[in-house]
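The chains carry the letters A, B and C, assigned in the order they are written, with residues numbered from 1 in each.
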Amino acid sequence: MPTARARAERPRTRRATGRRVSPRRVASPVITLTSDFGLHDPYVGIMKSRILQRAPQIALIDLTHEIAPFQPEQAGYWLWCAYPQFPAGSVHVAVVDPGVGGARVIIVLEAAGHHFIAPDNGLLGLIARSCSDARAYRLDPKALSALGLSFASATFHGRDVMGPLGAELAAGRVRPERLGERTELLLGQLRPAVRTRSGALEGQVAVLDHFGNVLTTIGAEDLRPFRAPQVLLGGHSFRLVHTYTDARPDECVALINSSARLELAVREGSAAARLQPPIGAAVQVLERNA
Amino acid sequence: MPTARARAERPRTRRATGRRVSPRRVASPVITLTSDFGLHDPYVGIMKSRILQRAPQIALIDLTHEIAPFQPEQAGYWLWCAYPQFPAGSVHVAVVDPGVGGARVIIVLEAAGHHFIAPDNGLLGLIARSCSDARAYRLDPKALSALGLSFASATFHGRDVMGPLGAELAAGRVRPERLGERTELLLGQLRPAVRTRSGALEGQVAVLDHFGNVLTTIGAEDLRPFRAPQVLLGGHSFRLVHTYTDARPDECVALINSSARLELAVREGSAAARLQPPIGAAVQVLERNA
Amino acid sequence: MPTARARAERPRTRRATGRRVSPRRVASPVITLTSDFGLHDPYVGIMKSRILQRAPQIALIDLTHEIAPFQPEQAGYWLWCAYPQFPAGSVHVAVVDPGVGGARVIIVLEAAGHHFIAPDNGLLGLIARSCSDARAYRLDPKALSALGLSFASATFHGRDVMGPLGAELAAGRVRPERLGERTELLLGQLRPAVRTRSGALEGQVAVLDHFGNVLTTIGAEDLRPFRAPQVLLGGHSFRLVHTYTDARPDECVALINSSARLELAVREGSAAARLQPPIGAAVQVLERNA
């Protein structure tokens, strides 16, 4: 990212006193990439080429390219969990885009000091729902054109628009509000957990990860009001533990994971295989003594 | 790539007028990597280490490491589609090398302003066939030796020769014509589409991608003479549409993809699973009204 | 890596003579990453973000993230094979950590001019056993705290400790002996090959790679005393050849691979599928004429 990197690489300067001072260390923003392209084909590398041609110094970090094809909300859930681990000013490009070439628009979302670029298909719904300062802009082809960008191909807007636009945003050469009109975006099916009238907390199963953990939309802070939380899914009840090794062998437990989300896990086993929950299934938290 | 990077990082200079001027922005060449190494073993990382030791600033971009083992032409097809997306001067290292340690030679191909390094096993045939300025050189162990390179291991010439040589080429420290004699390379089975005497266009199925698209050797420009093209494969006929969303649900259509190649696709489904075409199968284009 | 990179980027300096001299080219250390995270979830990218925030210029190289979950010694074997391919001063972060959050400690191992960071679960046993200068330190939470690091999450110490600590080591901002007390580490089940009383060489099957090769703990130098080595595994005997193409079609052979380890291989086929050896199975080398 030219701006921040330039800052980092600028030689130490002398103040009036003549003492060398070091520029303050600021974490450089990065561009993260999330897609359903898989790694068998060169599509990810091609998108990276276009980004690096506009921002040669930027750090590109792959989140995952193994989103199930055509499941944009799975990508959105991972982004929702992961973006706080990146420096402010980072740009997150997420291309799960079954509607490419059709009428769907592309959104730039500004939220919590980060920028997100994705098709308007629900992918960014969770982030928009959970950030009070979220502002979405609908990409205007004219604004793109001023950046030398266009929907050149009918099938790969990640390469032709979303990736290079991420480079422009990360380089600070354009602001989201210059890219199009404010808009409401499609919110999708996944939503942050809510308290029901009865006092129960209700969230959803969102993703099954590589280790077989069942990840939910319930956040650590949602659980704070509970003294002795009991977690329910599909007629089963799970105790809340601190970490994987607190589980008994073969026990399925609930815990707050490294993304500060509630997950169900089996120690050295697969909760996903055990419970086989459908994505979107309700997960409840009750007070055990209630 | 030291040369270009040095250019990019040079501080802004003042002209006689005293105004700051920005150095002209030039896309830096990169090294792309394509292999059948997979990502389960550390072979890709080891090859990257050797490249970065010779070109610490170069951008390395993975195209894919999931080429089916021992299918060099699959790698060559992807390179043929992808290389135009990279800046001139880029170096493309492709290691699908079942003959490693045997009598096969290694080729450096210069074509269309790019450099390609691969075993002489047909991998570079499509690119050589389609670029009129293609010039192939057969690596001479003596020339390698002058660069401090040798076929040290009998089983990993990607690490010992092709990767580090890519670094030398990208850094501009050696020219292909210094690396060995001009040669003809093995052309392989895949070839660009041709017009038959009857006026039909005939190409081949080349690759089945991650989304289930069936990719062919027919290029966008090959289709230009047709007013109402009809695409034929395995006794079935397909209409040509603009993009995926133009297809009816479950319909298999033909379209020009983002690499400017003809592909067969099912909207949110798999044409590969539907058609199960053998690699190399003939794909024809006829004038519908003919 | 700030230190080394600064060296590399420092403008050419003039000696007293006024002639420009180029700084000596030194291969910059890198950070390698090995884990069982897989590439379906964003965990690898999240760990990289934390590393780059502390060492923005470092080269990060993925060895593999596809270690079978909870098989730390598989990761250790790959590291043992791969680390000599990286420049001295490199840092190798290996996170296969089923005991995360429990009582297991984290080790920093200094050996052969490299640094290794991993949980104390046997992962680093092979390297420690085979390097006479290996020195292990057990991470002290207080020393971490001085670096602004803590076991913040109960489930992801790769992100919170091992990755960022790798950045500090690679940047030369901390020395292993400042991180905790010297310790003995868990050695695990895999060990370098040994000569038995009868003069046979005995090693173990360690890993089955992506190509179906069966990799062992027997090193090239272990074989040197043998004039006509015969390799035995599971009641079968294999001849030692130079490279894959020396094998007859369908023959399973032994050879010294690119990591200088003995492996069993079938030319353009899978020795792993053919032999199905358990990990840890004994592999013997005898003198054929004995």
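Going forward, a contact is a pair of C-beta atoms (placed from the backbone, for glycine too) under 8 Å apart; a residue touches a chain by one contact, two chains touch by 3 or more.
Computed from a predicted model, the values in this text were never measured in an experiment.
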{"item": "Residue-number overlap at the chain A/chain C interface, same or different (half cut)", "value": "different"}
{"item": "Cα superposition of chain B on its sequence copy chain C - rotation in ° rounded to nearest 5", "value": "120"}
{"item": "Between chain A and chain C, centroid-to-centroid distance (C-alpha), Å", "value": "31"}
{"item": "Set of chain C residues in contact with two or more other chains", "value": "9, 39"}
{"item": "Chain C partner contacts - residues on chain B that touch it in the complex", "value": "9, 37-42, 44-46, 48-50, 52-53, 56-57, 69-70, 98-103, 153-156, 159-160"}
{"item": "Chain A-touching residues of chain B, taken from the complex the two chains share", "value": "5, 8-9, 27-28, 30, 32, 34, 39, 59, 61-66, 78, 81-82, 85-87, 207, 209-211, 242-246, 255-258, 267-268"}
